[in-house]
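Next come two complexes built around subunit A: one with subunit B, the other with subunit C.
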Partner chain A sequence: MTKKTYINGVGCISTQKTFDTVFLEEAVVNENENVLKIVSPAYKDYIAPAASRRMAKGVKNGIVAAALAVKDAGVENVDAIITGTGLGCIEDSEKFLTAILDNNEEFLTPTSFIQSTHNTVAAQIALTMQCKGYNFTYVNGAVSFESALLDAKMQIEDNEANSILIGGVDENGAYTTALFKLSGRIKQDNQEPYHLLNATTNGAVYGEGASFFVLENEKKETTYAQVLDIEMINTLEVNEVENKIISFLKANNLEISDVDAIVLGFDGNAAFEKYYSELAQNAFAATTQLYYKHLCGEFDTASAFGLWMASKIIKTQDVPEITRVNSVTKPAYNTILLYNQLNGKNHSFTLLSK
Partner chain B sequence: MEALKQELKEKIVTTLNLEDIAIEDIADNDPLFGDGLGLDSIDALELIVILDKDYGIKLVDPKEGKSIFQSIETMAAYIEANRTK
Partner chain C sequence: MTRGVAITGMGIISSIGNSVEESYISLIENKIGVSEIQNISTIHANVIKVGEIKKTNEELIEELHLDETNNFSRTAMIGALAAKQAVKNAGITSINEFRTGLISATSVGGMDMTEKHYYDYFEHPELVKYITCHDGGDVADKIAEELGLKGMVTTISTACSSAANSIMLGARLIKSGKLDRVIVGGTDALAKFTINGFKTLMILSDNYNKPFDNTRKGLNLGEAAAFLVLESDELVAKQNKKVLARVSGYGNANDAYHQTASSENGDGAYLAMKKAFEVSGLKPSDIDYINVHGTATPNNDLSEGRALLRIFQDEKVPDFSSTKPFTGHTLAAAAAIEAVFSVLAIQNGVVYPNLNFEQPMEEFDLQPQTSLKNKTIEHVLSNSFGFGGNCSTLIFSKS
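Our next item is the complex of A and B:
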């Protein structure tokens, strides 16, 4: 019999204080920055100083978020670790590449090279937890995290694993951020306030973070939600999204009216806002609409923050005002659909239920 | 020589990201590896790069490293005697 996939533990390090908090009660919207920075936990509480001194920011955030998720789920170890990342440990990649240029391809030191690989986070978590199971990292742009989620769900359903730790991690790097500003991927400086809804300028407000989840094949007291389905599509036109969602829901014996809330990936980029606003104004006008990138910023694995938020809502039945796009409320939030895309590519639909 | 020792301590703390160690905590004769600063083999590679990049010294025989990198004192003495820049 096919097993079901439950989110039994969550951990999140983001540009909000999402540790040592219940949910988003301390969240603050920063409309004055076009690149949001991480709110750091006390890393020393989780990682020995001797180990952490070589770790990039993303690795540390990943280890702490993973530790929080594992503790939250009440498990000691997992059968597999799967992460998704768009740019990996980009800060150390930049350091290493800069050193190659500055030193005329000589004097290359090992530390930044070791940390510059994309699978460093999953590897360091495995070393910390002494997990010798399947360890994999997906680098698939804005569906990197969804790829990890789908892999884990398939392994759990096929009985290849009972518990899997998954996560999405990305960090800001100074040089990459400067390039993104030049290319228009990040909003231009000095255009604040940066509103994410009804945006009038192109480019997104960027961010960084690590969100981790313990997925298991049984429902427990700690369970947040069941992962019903995930679908990823590389390219879609605005007018194709609604029909894709209808087919996706139909495959799960659901209709739009069955969805209690839709979590949309509004990132302030006027050039691609129609992907979300068309749904918000038409097919999902009578549905509770939520967003989150004004809290965590845009990045390839920002959707993992969205999943963290949706999981919390299903478990607590609390919808923070700060996350609302419209004023529609529902008596209960038992079915939540997440839709995300980045610059018109890498569309993903994720369906959660109580 | 004292200035060189101070410079080496600063380089080691910065390059090796020794977050919990202040420069004044490092004595000239403290062992760099093992019980002293607790450096490891990756740090040894970083030290070799410092010798090459900043002082123009190429270590030809890796076995030499063991005596050169015993402490700040031994490192400074070796640099003083062999530096080309």
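Our next item is the complex of A and C:
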């Protein structure tokens, strides 16, 4: 029999205080900045200061989020580690490239080159945990994290692993952020307040973070939710999304009316808002609609924060007011659908149940 | 015993050829692609040798018929060329007809454009289009666009083992029934970023690389792209497809030893090979040829050699060679081009020579095959290892 996949532990470092808190009770919506910064945990509680000094921001946040998830799940080891990241440790990429260009390829040291390798976070976690198992890193824009989730789910279903640590991690780099403002990926300066719903300007409010999860093949006391299904599609037109969702739900013997809440990736980009607003106004008008990027910002693996939020909702049955798009409430939140895309590409559909 | 996943098409571009046929001729006629660097201006030009594709970006743009508004990185262009060849070779005419995916692999994505224009973006609006081509996913998005593929697309980046992992994921997606066919492989263009990165690690050779030689000094970098088409048995039967070979085994493990160095006893490599044997149901003695990772760095060859001796225990290690003296180390594309070479070895019954080898390593008694050898080949084992302790093994078998 095919094994089922359960989220049994979570760990989240984000632009909100998502550690040492219950569930977003201290969350603040910052509408005055177009790039949100991470709320740092006490790294010294998890990483020796000497090692910590050399580590990239993404590596540190990844290690802490992974440690939180593992502790939360009450496991000692995992069989595999799979991460997703859009840009990896981009600060180190910037540092090494700047050094090459500014010093005409001389006087370089390898540290920032090594950390710029996209699989650094997964590798460092493996080193820390001494996990010699399967170790993959996906780098495909907005589906980087979902690729990790799909891979892990396949391994659990196919009985190749019993427990897998997955995570999505990205960090902001100052120069890359400036380039993203130039290219229009990030909203222009001085256009605040930045509202993510009913956006009138292009570009997103950006963020960074690390969200990790322990997936296991059995339900236990710490279980948050079951991952029913996950699908990624590279290219979809706005008018194709609803039918795609219907067939995705149907494959899981569900209909739109069975979905208690839909978590949408609204990021304030007016140019692509229709992908979400069409669903919100039509097919899912009678469903509880939630969003999260006003809390964590947009980035390639922001959707991992969305999964963290949806997992917490299923477990606690508490829907923080701050996350609501509409006022529809349901007696229980047992089935949640997450939909995300970035600039019309890399669509993902994730289905959770109690 | 599972028979593995069918390979129905291949495409490749590297310093030893712009097609599968050209690559094979180079391999059997000892035509190496490692040379002096031409397309990138670097202060290291005189002290390094590289496996460079001798085509300028303008020539690649023309070959792909891209218009002048395009923002393809070199990595995306060579990737698109190889993927298109593979799809054509598999006789696919309607790409979205079945559930078709694309799994790419890259180490630095569009870094070749980023490093070229990094400080110019603010003054030159016409360059701004290249900002988005930096990230790894953009390469796969571009290849998918060129193929017209709309379904599942993702990219793996685990340094030098990346493409082995994309082939592995593709095989698993077919086996689990999630996809009917999948285009898998990897692409990496040479970049100043990588050249200087490896230079600072002091693992670049100033001469032609000599895998498994006692006096080896390091690797030559290279650029390449290769993709393979994997299809389900149902689809193969339904369309009466010719099967080139099969992906019969795969394994990935982590050395968990050091961020950039391999452990002395090759734990990760040993575990990866062990898993690949378990998946394939084959025994070490079934292997006729090993296409080793063999980068010719002191550390890799020692670690890989020890792992080979461990996995083969008391048995003789079969004929093995590294093809990196031909192509250089093409990083995230390496396992994909070596997958193509492995399939060609099975189809043509050849073991490629491990060029530049002179003197066995003092640490153990292992001697690569140094001249072209003809023999029947049923199963090839191919290793690829990367930074972060990432170790991958693939086994290819005759159909």
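We adopt the following convention: the second predicted complex is superposed on the first by the 354 of 354 C-alpha atoms of A that agree within 3 Å, B and C clash if a C-alpha of one lies under 4 Å from a C-alpha of the other, contacts with A are read in each partner's own complex, and residues count from 1 in each chain.
Methods note: a residue touches a chain if its C-beta (ideal position, glycine included) is under 8 Å from a C-beta of that chain, and two chains touch if they have at least 3 such contacts.
Everything quoted here is computed from the prediction, not taken from an experiment.
In the three-chain model built by superposing on subunit A, subunit B fits alongside subunit C with no clash.
Seen from the C-alpha centre of subunit A, the directions to the centres of subunit B and subunit C diverge by 70°, a value given as a multiple of 10 for the model superposed on chain A.
In the superposition on chain A, A:132 makes contact with subunit C only, not with subunit B.
Look at A:234: by the touch rule set out above, it reaches subunit C but stays clear of subunit B. With both structures placed on the common chain, the touch criterion links A:267 to neither subunit B nor subunit C.
Once chain A of one complex is fitted onto chain A of the other, the partner contacts of A:170 are absent, as it touches neither subunit B nor subunit C.
Of the two partner chains, subunit C is the only one that A:300 touches; subunit B does not reach it. Of the two partner chains placed around the shared chain by superposition, subunit B and subunit C are both touched by A:110.
More residues of subunit A are in touch with C than with the other of subunit B and subunit C. Of the two partner chains placed around the shared chain by superposition, subunit B is the only one that A:54 touches, whereas subunit C remains out of contact.
Applying the stated contact rule after C-alpha superposition, one finds that A:208 touches neither subunit B nor subunit C. Closest contact between subunit B and subunit C, by C-alpha atoms in the overlaid model: 9 Å. Looking at subunit A, you'll find residues 106, 108-110, 114 touch subunit B in one structure and subunit C in the other. Subunit C contributes residues 42-44, 102, 106-107, 109, 111, 114-115, 118-119, 121-122, 128, 131-132, 134-138, 140-141, 144-145, 149-159, 165, 169, 172-173, 175-176, 178, 192-193, 196-197, 199-201, 252-260, 267-268, 271, 386-390 to its touches with subunit A in the complex. The touching residues of subunit A, counted against subunit B in their complex, run 49-50, 52-54, 103, 106-111, 114.
Residues of subunit B touching subunit A in their complex: 15-20, 38, 42, 45-46, 49, 52-53.
Per the touch definition, subunit A reaches subunit C in the complex via residues 81, 86-88, 93, 96-98, 100-101, 104-106, 108-110, 113-114, 116-120, 122-124, 126-127, 129-144, 147, 151, 154, 157-158, 176, 179-180, 182-183, 185, 231-236, 300, 345-346.
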